[in-house]
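Note that chain A is present in both complexes that follow, paired respectively with chain B and with chain C.
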Partner chain A sequence: MEKPSLGRGQPTASGHAASLQFPGCPGSRDFPDAPYRIPPKVAPATACGRAHRRFCELLPQEHRSVEESLQIRVSLEQILSLPELKANPFKERICRVFSTSPTRDSLSFEDFLDLLSVFSDTATPDIKSHYAFRIFDFDDDGTLNRDDLSQLVNCLTGEGEDTRLSASEMKQLIDNILEESDIDRDGTINLSEFQHVISRSPDFASSFKIVL
Partner chain B sequence: MAQPPAFVFNILETPEDQGQDPSPYDESEVHDSFHQLIQEQSQRAAEEGLELRVLPQREPGPETLGASGSGHQALLGPEGVPDYSTATLRILASMPSRTIGRSRGAILSQYYNRTVRLRRRGSRPPLGGVGRSARPSLRLYDLELDPTAFQEEEKRTLLVKELQGLTVAQRDHMLRGMPLSLAEKRSLREESWTQSGKQRGPQGRRGLLPCCSRLRYACGLALHSLGLALLSALQALTPWRYALKQIGGQFGSSVLSYFLFLKTLLAFNALLLLPLLAFIVGVQAAFPPAPADSVPTFTGLELLTGGGRFSHSVMYYGYYSNTTLNQLCGPPLDGSQCTPEAGGLPYNMPLAYLFTMGMSFFITCITLVYSMSRSFGESYRVGSTSGVHAITVFCSWDYKVTQKWPSRLQQDNIRTQLKNPVSAEREWELLALPLVVCLLNLGAPYLYRGLAALERHDSPILEVYVAICRNLILKMVILGILCYHWLGRRVGALKGQCWENFVGQELYRLMVMDFVFTLLDTLFGELVWRFISEKQRKKRGKPEFDIARNVLELIYGQTLTWLGVLFSPLLPAMQIVKLLVLFYVKKMSLMANCRAPRRPWLASHMSTVFVSLLCFPSFLGAAIFLCYAIWQVRPSSICGPFRTLDTMYEAGKVWVRHLEKAGPRVSWLPWIHRYLVENTFPIYLVSALLLAVIYLNIQVVKGQRKVICLLKEQISNEGEDKIFLINKLHSVYEGKERSRVGRAQEAEMPPTLPADERDAR
Partner chain C sequence: MSRQLQGLGEEAGGGVRGRARSGSPGTGDRSGRRPSRKQAPKAQGAPGKRGAPPGRKERAGGSPRPGSPRSKQAERRRPREELRKPERSTAERTSEGRRKRDGRASFKEQRAPPKKEKEMPRKEEMWKPLKKHRSSSLASSTSVGESLSEEELAQILEQVEDKKKLIATMRNKPWPMAKKLTELREAQEFVEKYEGALGKGKGKRLYACKMLMAKKWVKFKRDFHNFKTQCIPWEMKIKDIESHFGSSVASYFIFLRWMYGVNLVLFGLIFGLIIIPEVLMGTPYGSIPRKTVPRAEEEKAMDFSVLWDFEGYIKYSPLFYGYYNNQRTIGWLRYRLPMAYFMVGVSVFGYSLMIVIRSMASNTQGSTSEGESDNFTFSFKMFTSWDYLIGNSETADNKYASITTSFKESIVDEQESNKEENIHLTRFLRVLANFLIICCLCGSGYLIYFVVKRSQEFSKRQNVSWYERNEVEIVMSLLGMFCPPLFETIAALENYHPRIGLKWQLGRIFALFLGNLYTFLLALMDDVHLKLSNEETIKNLTHWTLFNYYNSSGWNESVPRPPLHPADVPRGLCWETAVGIEFMRLTVSDMLVTYITILVGDFLRACFVRFMNYCWCWDLEAGFPSYAEFDISGNVLGLIFNQGMIWMGSFYAPGLVGINVLRLLTSMYFQCWAVMSSNVPHERVFKASRSNNFYMGLLLLVLFLSLLPVAYTIMSLPPSFDCGPFSGKNRMYDVIQETIENDFPTFLGKIFAFLANPGLIIPAILLMSLAIYYLNSVSKSLSRANAQLRKKIQALRELEKNHKSVKGRATARGSEDTAKGSPQNATQLQLTKEGATPHSASQSQTLDKKTQGAGTSSSASETMLPASQHLPVSRPPDVRPDSGRGRPHTHPWKSASGKSAGRPPH
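Moving on, here comes the complex of A and B:
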């Protein structure tokens, strides 16, 4: 049984997210007056410090200084190698949604913090459902159409050929989903309808969580 | 009569349009209405004497836009996807309902509107200076639908201006809820803060001095930082954060719910123990009674039996004195009351015992009911329609799972669920028969297994619920019989002795045996089962972690604690120690011997069920036992704080009588006691009020359900309108396209026709 490679050395402290939420980070409550200036040291014992440490582990040795780590971008493959994301079928979509580069294939530390903040305990269910919608919108057109839904179901059921649903089963399933959640009957699920479905499930907020 | 706003319609007909995929990232599109265009078209149609083209009516087959039952008109391509022109798709893509999830400008507009509404909640907007239109809706200045082209920068400035009008807490709350990136939020916050700090003077209406508001902001900031620091300190004290993460990552949310329930029980016991320690155990330990004649020495056996040395310690009821402690006074001269000398604080032990027990139970009751109602409120929603497909597909993936094998197991589970879904109503209908059978077959564990083999349930969840019910009823019946045995018979049998000590010791022994057997079962039972199953089945046949049975064990142990706390005030401390040890033992056994459960569990529903089971049979039963013991049973006459009284409750009555004699200053307390507590009328009144409140709540929920149905119908109608308009728009574009192509063909035709054609004309 493989054990996750996590550092246990630091005492665990607050789980609050960045800026308004991560204390000890640039631009946070500890530096309310400062514009976005890089502080000399990121506080190690906070959640932000843990995130920074994990981010630095992905960088090559020579770029691990604080100033460089806050500017440099990490490629998608390296982020996907994190143990928390490795077994997740949506890992690529998650990285693409949070990436702010023009080609959407690299993450900076800010993007990484965004990701952790949305997946943390302190994000409101509204924010979580908003980002879940964006993750499930495979073609980025603002709605979940039949293609998006079939890709989503394929991610959920497994990659292998024997684990996928048959074409007729898939069609039936997507018809059922649209029947249940497409209130305005336009054939696609928009953000409001998605959030309506999510609000009915109390498990969502606790399962849409990644803990570092 | 209001003027309709003048819209500008701008169709981009450049050739590059054909190749581009429309996406809401293109914010430069002007999304307006096409009122003017349709007017133009209908004018032209009227001139040419044509009717607007009616779309072919199609039978609503399965290829229509996901609709069922209502016939929609749509132009469909070969694969059932609506075949709109690129220009139509472009307009479709910039519809507000599609851009809200993606574009920053739309999010800013939406939150601008929310902020405006929040700010104006307290005060109405002034009637003067509204503008030309008298329509109330326009006063609210809806930025999302405003046709004048607002660039993103202007929207942002407006939002910042509105944010400054909010208080600090509201602003932070609004910013926290915005789905923007952290850099955006930070800059918004900085801008709204610095600008409000710079504003002086024109805040005259509020009458605030800028320095006071800055001071208040600084104080608020300091308090918030202090709060955060305390919270992080508290979280650092919980030593199990990493362990819980490990368990959740490997076994999923359902097994994690057992350990979270264990943590909850720990909190309840700590809550129970603190008042007892403070008001009973601590005081009595500080003022020990005169030692009895023969106190046995400590041998190791007391840890198992609870007797011996332990009987003469603060552990049990019998040790506590029935007098007022710390009362330093001289002998009563004329039978009047004893006036304590200065420096002594008299402490009436029987009263303290009674009140502290009552108060602890009351606090536990309130906490239990609150947590149960909160988890119930989260699990069950008004207006939840039937149908599990959408919820399964959108919400069932557990992102906490970090290992490959449990992840694959989740995928298997989800696939099974998607292929064979069971709706909720069918489950409850199927439950009726097993419940009736349960009640008729109490106390027959060996029959249970036979019955389970006979009943073939469709869903594994139902099997689990039925198993929980049966085991629960068995345990509660056993405990009920024990209680009757203690309070009914033993009291009579042990007339001259300290029966409360005896009951306390029995409960202690029950707890210890339960603990020992749980440990043995965990350490050896699961280990042995793993070896057997590995040898027999010769595959990865580790046993599953049986969540239901383990949770019932926890509830049983907690019930024992609650039953015994009256007779042994230190029992919660023992329970805390037992839970701590149990956490580590169970976790170790889980990691070594078990695998993730195959059956799909709804973790939050199970948590609600656990807490409800804790509240209803368990706590309620213990509370009834306690009430009966306090009101009806005669305490033993040789030990304990109630040894001279008829019932334990009399201690309160004695005190009230004492207060009546004390004088007119505290006469309200006996008055309350006589008219509100002893009298039965207020109880009837309170019950009637509660029933009325419950009935009103039920009616409110029914009304809400109706409103939800109506709103859904309205949205569906709006959707039909939208499709109608899109089709009209598409027909307009097609008409334009055709006419353009026609004109182009005419221009391309050679000016002279071939001879035969001219002849044919």
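Moving on, here comes the complex of A and C:
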């Protein structure tokens, strides 16, 4: 597959996509003719550059050139070691949702950008709630069933034994949640029901974000 | 990749075109061309049945394909064709373009299978019905009306619009980045090609130019946006804090930053329009009595202890009201300083009111439905309680604990909402607590009143100690420091839910601050009245001195006496400056007390806990002193009251805003540092949510309360006779009347006089209050209607739920019956069913799919096709089940790849 090689700043670059350099990234000087094109408004240029820098830091020293960093995949463990994700109980789910590799255990730079753009300030509430749903859907079956919900509760209450809910409390809680948000009474929460609930939450969009 | 693929797509389109032309050698022969179009699909359908063969792909990939050169090439090719066939109509050309497009569309379908194997198989499939629908609708229209060029043009235009919309809404699509990229490029290329093609001749060039400019403009806008975000001050600092302490602590800093911005604007107004003109163009220091330090104070005027109290040279500087002259115009610009002074004083309040109300309004717009939030308490706790910004494991642990507690609390609440243990004791304790707190409030109010009175006594004496001079400020700051913890201790008696407790606490601190401020103001007002009553005697004294000086005998009559030195002229007390100085001192002492509290209460405590922990009997970090938490409510209230003092004092001390800007700037850095170095995250982490508006409401209240005394003094107290821009006038607002009389034409003055007539103002006020009443009642009725509608929806939903379970079973049985009835229906049903049932992991697009599958009948008949495709090929064309739609078969593999690739035929 041939890479679209366009000179820097050529006006013939088709579409509104801007060719973009990463100024802060080590090695970008060595490849002046290998710009990376991102769709506009997915992330502002500087933010993208910062993201790429952070991504490069996860890579081993020899793979840090622009060319390679765009191809290579970073394993789950390395992504999880990011300080921004370290304390997050959903970190593994987040990585799995955004990973495009067949085994769902590594992130390419594009996936990483995806992750950041969804968790950025500029992402719409719809996008955020969509991905939140996928993060909470632990078994990837398209609905939140009781198992998903109990797993979610366990994530939220942490690892410690003292903070865990008892079985009866868990059942009560899940019953209440289904009572509230399961509109079609099929025992699970689907995406539209989830978004219905989330859209009414005053502070979901402000807390569902990660800042590099 | 998409580029090569598109190149191939076009080649395929060109192939179709070439064949079509060869099939109909007679140019413009419509009847001849029609069969040729049926040949084309057969020619292409063979290789294309199951994705493009690799050979083709390579060939296409080999062809160089830079962005616009290719489209230029296409443009160049077109004239050549036109030369060959000059009689070809525009209609034909557009239909050709359309066919070319068809080729592309079909290619898109063709491209799907290889990609499908690669990544996100379900998603790809999801979007197929949409594409299919799009191209088929286009295709059907071709066969019906080939001659209708306008229609086709419109259709292409429509598609271009579609693509444009896709580009615009790309951000809102939950696709992975790779898919976004390819889709975006495709859409852009399409738009570029066909939008350009729609224009002719010169229009095309103009269009290209326009597109280029638009592109540049978009890029510029993006760069500018980036620049703007980079210019936001302290963004990284605040984000840092946000990630350590959660959004609630960060909300204080955002509020502080906002306050800083507001104060900068006020500072610009006051400095630009009052202080700088006065310094540049006004009479210099020492020229008139009000700008000169009196003889008695002269030798001490530069001492630091005097300056620290804002006496001496600072008192006679443009920082205070008294310095300004009552000259109507100053300098060569004929700048009307008294008028400007008054208008700036008014506009400071006007701007603050406007900005506070505007930000409140924008905050409320964000929250759509407050009333519905109680419907989803559990779901909100479940789905939105995690703060994804938390990057600190300690904070995360606290968050876990608080979430668990809130879960347990709400479960307990749900289980036994009405259980109360010993209600009488609770009531008694609450009454007791409120009684104690009211006692505290009264005590603090009396203390301040007493202290201010005493300070007036002190001010009459000659040598007073440092403590006696600053007693008021010290007492007020101490009260502000020690009362809130006292309240908190008392509030422990009440046993409220912490959230309600926090509100009570905020209300009590607010009452304390407000009471203190107003007691201070009342005492100050007493002082002002005292000074005003003394003014008459001082005025006489001044006149008498001057009279004596000029008329005394003993001086040579022939030589005119030099004017009396301004420092020797006796002068009034200038209550305005005195008020300004009080506010200035209060602000500075408040600032110092805040900083010292942070330094001692947070930093030294943290140091002590950190380092003494090694040699102490118990665990200091976990035990008694531990580290301090960041006190959000106290800090926000402190900030709000400080701003209230600024608003009150800025009219009498224009320099106050400058000091406040400095204060906010330093406290930004200082508090950021203190929070990061010596505070720990809250034990019960709560989110900022919309409490911002609560703070804004407090700010508005304080703004209003600080507007009152200023308005009162402006409207009802006479200004001092020998200091300030309004001296010599009966009231301060007379300056407006004076300006209208002297500087405006007479008819304007008449209009103003007419407008100021009470006969007009009272009806106007009446009208406004009526309007408020009307709007209020309208909003009330609307909200009532809203509530009723909500109730109705809820009732309907309940009904639906009950019906659904019954109906669902019935329809299932019914559909089975119809399935037996006709085979065609069976296919359809089966297909729609498939469309409706979510694929194993296609959670992302379930909804879209549902609408695609069930919503449009055309797509349903489309999906029927694959079943018929697997019938023997020898079948005559007229018996095809889809003959009614006149489906063009330029790309039969499309549907084949659509459904049957994923699902074996039956």
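Points worth noting:
Everything that follows uses one rule, which is that the second predicted complex is superposed on the first by the 167 of 212 C-alpha atoms of A that agree within 3 Å, B and C clash if a C-alpha of one lies under 4 Å from a C-alpha of the other, contacts with A are read in each partner's own complex, and residues count from 1 in each chain.
Everything below uses one rule, namely that a residue touches a chain if its C-beta (ideal position, glycine included) is under 8 Å from a C-beta of that chain, and two chains touch if they have at least 3 such contacts.
Since we're looking at a predicted model, the values are computed, not measured.
In the superposed model, A:Thr124 makes contact with both chain B and chain C. Contact with neither chain B nor chain C is seen for A:Asp105 once the two complexes are overlaid on the shared chain. In the superposition on chain A, A:Val211 makes contact with both chain B and chain C. Once the two complexes are overlaid on the shared chain, A:Gly187 sits against chain B while remaining clear of chain C. Of the two partner chains, chain B and chain C are each touched by A:Asp140. Legend: residue contacts after superposition of the two complexes on their common chain; A:Ala132 is shown touching both chain B and chain C. In the superposition on chain A, the residues of chain A contacting both chain B and chain C are 1-2, 4, 6, 11-16, 18, 46, 83-84, 86-90, 100, 110-111, 113-114, 117, 119, 124, 126-127, 130-134, 136-137, 140-143, 149, 152-153, 156-158, 163, 165, 169, 173, 176-177, 179-181, 183-185, 190-192, 194, 197-198, 200-204, 206-211. Residue ranges on chain A touching chain B, taken from their complex, read 1-2, 4, 6, 8, 11-16, 18-21, 23, 27, 29-30, 32, 35-36, 46, 83-84, 86-90, 100, 110-111, 113-114, 117, 119, 124, 126-127, 130-134, 136-137, 140-143, 146, 149, 152-153, 156-158, 163, 165, 169, 173, 175-188, 190-192, 194, 197-204, 206-211.
Those residues of chain A that touch chain C in the complex are listed here as 1-2, 4, 6, 11-18, 37-42, 44-47, 83-90, 98, 100, 102, 110-111, 113-114, 117, 119, 122-124, 126-127, 130-134, 136-137, 140-143, 149, 152-153, 156-160, 163-165, 169, 172-173, 176-177, 179-181, 183-185, 190-192, 194, 197-198, 200-204, 206-211. Partner chain A is touched in their complex by these residues of chain C: 1, 3-4, 61, 66-69, 119-120, 167, 170-174, 176-178, 180-181, 184-185, 188-189, 192, 212, 215, 218-219, 222-223, 225-226, 229-230, 239, 242-243, 247, 366-370, 372-373, 375-380, 382-393, 395-397, 400-401, 403-404, 407-408, 410-411, 414-415, 687-690, 797, 801, 804-805, 838-844, 846-847.
For chain B in complex with chain A, the touching residues are 22-25, 62, 65-68, 70, 72, 81-82, 93, 97-102, 172, 175-179, 181-183, 185-186, 189-190, 193, 221, 224-225, 228, 231-232, 235-236, 241-242, 245-246, 248-250, 253, 378-379, 381, 384-385, 387, 389-391, 393-404, 406-408, 411-412, 414-415, 418-419, 591, 602-605, 712, 715-716, 718-720, 722-723.
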